[in-house]
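Note that the chains take the letters A, B and C in the order they are written out, and that residue 1 is the start of every chain.
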Amino acid sequence: MNKKVFDKLNGNTLLLVITICLFFFMYIIGCIVYSGKGFTHLQTFLNLLITNAGLICVASGMTCVMLCGGIDISVGSLVAMDCMILAYGMGKLNLPCIPLILMILVIGLVFGAVQGFLIGYMKIQPFIITMAGMFFARGMTAVICTDQISITETTNKLFYAWANFKIQLPAFLGYVNKKGKLQVPFIRISVIIALLVVAATFFLLKYTKFGRSLYAVGGNQTSAAMMGLDTRKIKMKAYILSSFLCSIGGICYCLNTMSGSVQQASGFEMDAIASSVIGGTLLTGGVGNVIGSFFGVMITGTITTLVNTNGKLLSSWANIATAALLCFFIILQSVFAYVKNRSK
Amino acid sequence: MSGKIKALTKNQLFLPFAMMVLVLLINLIKSPDFFAINIQNGVLYGRLIDILNRGSEIAILAVGQTLVVAVSAGTDISVGSVMSLTACGTCMLLAGYGVNSTTTLAVPLVVGLLFGLILAMCCGAFNGFLVSKLNIQPMVATLILFTAARAIGLLLCNNQITYIRYEPYKYFGNFIPGCPVPTAIFITIVVVAVVMLFLKKTAMGLYIQSVGINKKAARISGLNSSNICFMCYLICGLCAGIAGIVASSRIYSADSNNIGRNYELDSILAVALGGNSLGGGRFNMAGSIIGAYTIQAITVTLLAMGVSTDQAPVVKAIIVVLIVTAQAPAFKAFLAERKAKKLVQVNETQNKEAA
Amino acid sequence: MINNVLIEMRDITKTFPGVVALDHAQLTIRKGEIHALMGENGAGKSTIIKCLTGVYERDSGEVHMEGVEGNIYNHSTMDAQNIGIATVYQEVNLCPNLSVAENLFIGREPKTKLGTVDWKTMNRKAKKIMDDLEIPIDVTKTLDNYSLAIQQMIAIARAVDMDCRVLILDEPTSSLDDNEVEKLFKLMTDLKNKGVGILFVTHFLEQVYAVCDRITVMRNGTFVGDYSVQELPRVKLVAAMLGKDFDDLAAIKAEGHSSFSDEVVVEAEELSHKGTIKPFNFKIHKGEVVGVTGLLGSGRSEMVRCIYGADKPTGGKLSMHGKELKAKAPIDSIRAGMGYLPDDRKADGCIGDLSVRENIILALQARNGMFKRIPIKEQNRIADEFIKMLQIKTASRETPINQLSGGNQQKVILARWLCTHPDFLILDEPTRGIDIGTKTEFQKLVLEFAKQGMSVIFISSEIEEMIRTCTRMCVMRDGQKVGEISSEEGAMTQQAVMGAIAGGEK
């Protein structure tokens, strides 16, 4: 029995396990070192989810694209554009929020379809096309408005209410603060959305024909075509999915920041890629898992929280730590690949 | 005659070149004084000079990027960050750690510049090591420094902008007194010439392409694939360093957050616009350089037309899509098919008429 | 008979830029037959298959299939599969990152009631398929855990399980050992009895006569004839393929055993590579042709890779011309005067997009070093010389090598080594996947080299071929050198070699 378990733990699953273990390890270290600064409270953990809800959605989409051997670096700009549309629509034009949200989702689909068509059917390198997408979305954000616009209670009540809605967890999970008041831990709507996205993506990748074809295309595109899969369509769908999830991520992100500005969410694409890589997704495609990417986001988030909690460290240390971690995981992956080749 | 035209349009350099000419033409129509070059305060002024001058960094980066793309079928996305790190390293050493503005140098200028270039080469070596020795996909490997280099630069400068108010330091990005041509143009020419000569006079070009196309076969044939790959990354790092110093010299400071921002994208774009496949293998350096100046020409044109810096990317994006689509084999095949169908139809109608 | 026709392809024409690949070719496959498609490399076998399976679209011609209305146009392999045409290619076209079960079922996964992939059923069915083929493997493991041969069998199993009416096997046996070939033949016979039409492409004549019913011969993109096996003995088949009276392979036998000097060129003492090959001794004289034989995976390729330094030896000593040679990388061996033609020409030989000229001078340039670039005039001269000498069929010396046919690519790689003027040349399966005409040429060339004083190691799967060319044969089994057979006293016969390869009791 033991051997069977070990057999199942091949390089790729092992990486996932390491990622998850590392997350908890880091978090526990944080709890011990910063116990006086509220790190042990459940709320700190929940805040991690709240701040990173948008990134989780984006990383899920990124994972799908990376699985089929592509890359989508337009996501950060797309998030910025989504936020700007929401903020401008509600803040300046006083439009209701539900049509705006629907519009954003449609924009996501169209955006993805155009990119996917050019990549899948025109066979242009994904990096170039999504880079163009990145320029386009960022530029459009500036075309819509170059100011920073905030969404306040006066501009849109409903959206404001959503953003501030606390979903309270059972009271016994809370703690009593110094003033003797019970602090009940809570999460926000965006967290629910993000978790749903992760669950849906996981299901999609594991249990649907489309999900499995993504792995096939990423594993060996020629073979996938020979086995009768329409690789062009699959690729196009992957990019549509990515941009769609990205739009959902944009809404989550906006629920957190409640504003839109040109430079928002810059570097998001690289965060998403880094998270996916830390979570065990290979850029060459075919190997990876959305659960891994989720924990990848959590790890990068924890690093930032740790640096922020310290207070004295420069914020660049968070970047350096993420890079070091990335380096660690990349080398680990290559060691596994090496061992696998040797044992054959 | 038509055969010659066909050969011309088939040339890899045709499209990038035509693109460049088109951009310039649009400018000419918009403002007839576009090509006007005059001398003010003893230095050259004019849009063309501006394009050549401002395009230097992209062109220098494109040189290194082309080699990296050719040898490893991947891109070095850390070049922008490495530029920033080089600038910070140089300025930090020149000003002394923690000093945020200085008029006298703490160390000789050459030492500072060398230090910056060595830093850049270290970055290149790090990337090269990961890619060539550990066989990590280039984009992932360079993602590490993409994230870290800028942050390290910020640490070197103690989280502030370090100003070097020392005249000779401004020379690289501006003008050497008495010379009307911007120094950056000379630097670009030197970098391009050295690399071109290196490729032409040695077998490096053949080596790089062989490794880029089939690493295993190249090794069996006696090439040291990983060393060649490593060398390309090293050169790319050095190019990024040179570009970083030029960029820093322009503003005589090390603005860690802004130097080289998005330059990695521009440099990759330059390679692609030059008609080079990002899938590695065969490459054409001249194409990349034309591509680099095309990008700069577009940017300058847009600014001249009053499009703000923030909005300019929209146009850039549309142009990129148009160019790469026109170059895409799938699109060409589609056009060829349509042409063939039309021919068949014409033939059929002719046949019918004949009958 | 005519009623039995399953697929009929008529007047198929296909042109690529500059080349007419198929010129009014035809092919007929009947129900319940194994049909061999024979022809030299470049005869258009692959092209006609690809036109049928939808990889290429034909320029003109008709394709009819029983039970399908009208002229068939397949635009993708999917179209072909939908009407029951399944293909297994020489290169395994499966996804290494997916499990065996998924590879069997991708694109047609069993579904649960909710429309999701039913993993349990899939694994169960997959297990049954593999058990039926007597290949006991864990179907939940990813494909890259298994050998190439097993992957090939999985690919065939996939095609078979898709209820195909026509099964196309494009050189499926080139990576299988005898045992596996036998399994495959059994499978093919079973299918044939069920009424499936099988199109079988192979270079091994014995295999054609072992299982096939009919043979279609193609040459230079045209149809030569459709024969039953009985009416076409080997000699006639070969003649049909080459389009000329074939001077029998045996003709070169006489030249084979020329004398050689006593000067030892390369000597290996207890050389080994951890994990692939156990310590072995080896010696080769000037002007000698030595064969290395053994089953696939017996370590014959690994042995020469170890000598050449493609895999760095982990133990033992190698000396060349009496001096110890410690090769860290292939370049050191090249400098010492070695050359190595690898068995996997696609992966280890050709530099795809580079021109014939660049491919030829590559090793010479590598030996000269980066800073001593060969002048372009000299490059052209060398390239032209070898194109002429080896009769490489190419449009020009600047044609990219991947536009050449397999045999010509092999010649280019050979030229790459010849222009370095090696003292010692290793040829690992130079004749695999090459038509008979080129095979004889290669054998003649090898003997020619030996005459000029070059020492050659020659590896081939075909024992006959080696008996003809080699003076001595090393026999490999399970990563170990188990013996040598010398041509003296007429000891080198097919039976003797077979016995030594198989091992065990005499």
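Here, a contact is a pair of C-beta atoms (placed from the backbone, for glycine too) under 8 Å apart; a residue touches a chain by one contact, two chains touch by 3 or more.
This is a predicted model, so every value here is computed, not measured.
A.B. asks: Report the chain whose mean Cα position is at the greatest distance from that of chain B.
C.D. replies: Of all the other chains, the one whose centre lies farthest from chain B is C.
A.B. asks: Most C-beta contact pairs, which chains?
C.D. replies: Per-pair contact counts point to A-B as the maximum.
A.B. asks: Express in whole angstrom the distance between the two chain centres, defined as the mean CA positions of chain B and chain C.
C.D. replies: Here the centre of chain C sits 43 Å away from the centre of chain B.
A.B. asks: Averaged over CA atoms, how far is the centre of chain A from the centre of chain C? Could you give it in whole Å?
C.D. replies: Once rounded, the distance between the two centres reads 46 Å.
A.B. asks: Could you work out how far the Cα centre of chain A sits from that of chain B, in whole Å?
C.D. replies: 30
A.B. asks: Mind pulling the residue numbers of chain B that touch at least two other chains?
C.D. replies: none
A.B. asks: List, in ascending order, every residue of chain C touching at least 2 other chains.
C.D. replies: Not one residue in chain C touches at least two other chains.
A.B. asks: What residues on chain A touch chain C, complex-wise?
C.D. replies: 7, 10, 203, 206-209, 211-213, 215-216, 218-220, 222-230, 286-287, 340, 342, 344
A.B. asks: For the complex, give me every residue of chain C touching chain B.
C.D. replies: 310, 329-331, 334, 340, 342, 347-354, 358, 362-363, 365-374, 416
A.B. asks: Please output the residues of chain B touching chain A within their complex, sorted ascending.
C.D. replies: Touch residues, chain B against chain A: 75, 130, 134-137, 139-141, 143-148, 150-152, 154-155, 159, 265, 268-269, 272, 277-279, 308, 310-318, 320-321, 324-325, 328-331.
A.B. asks: Where on chain C does chain A make contact in their complex?
C.D. replies: Contact set of chain C toward chain A: 76-78, 81, 87, 89, 92-98, 102-103, 106-107, 109, 115-117, 119, 138, 141-142, 144-145, 158, 275.
A.B. asks: With touch defined as at the start, can you tell me which chain A residues reach chain B in the complex?
C.D. replies: Those in contact with chain B are residues 71, 118, 121-125, 127-129, 131-136, 138-143, 146, 262, 270, 273-274, 277, 282-284, 314, 316-320, 322-324, 326-327, 330-331, 333-334, 337.
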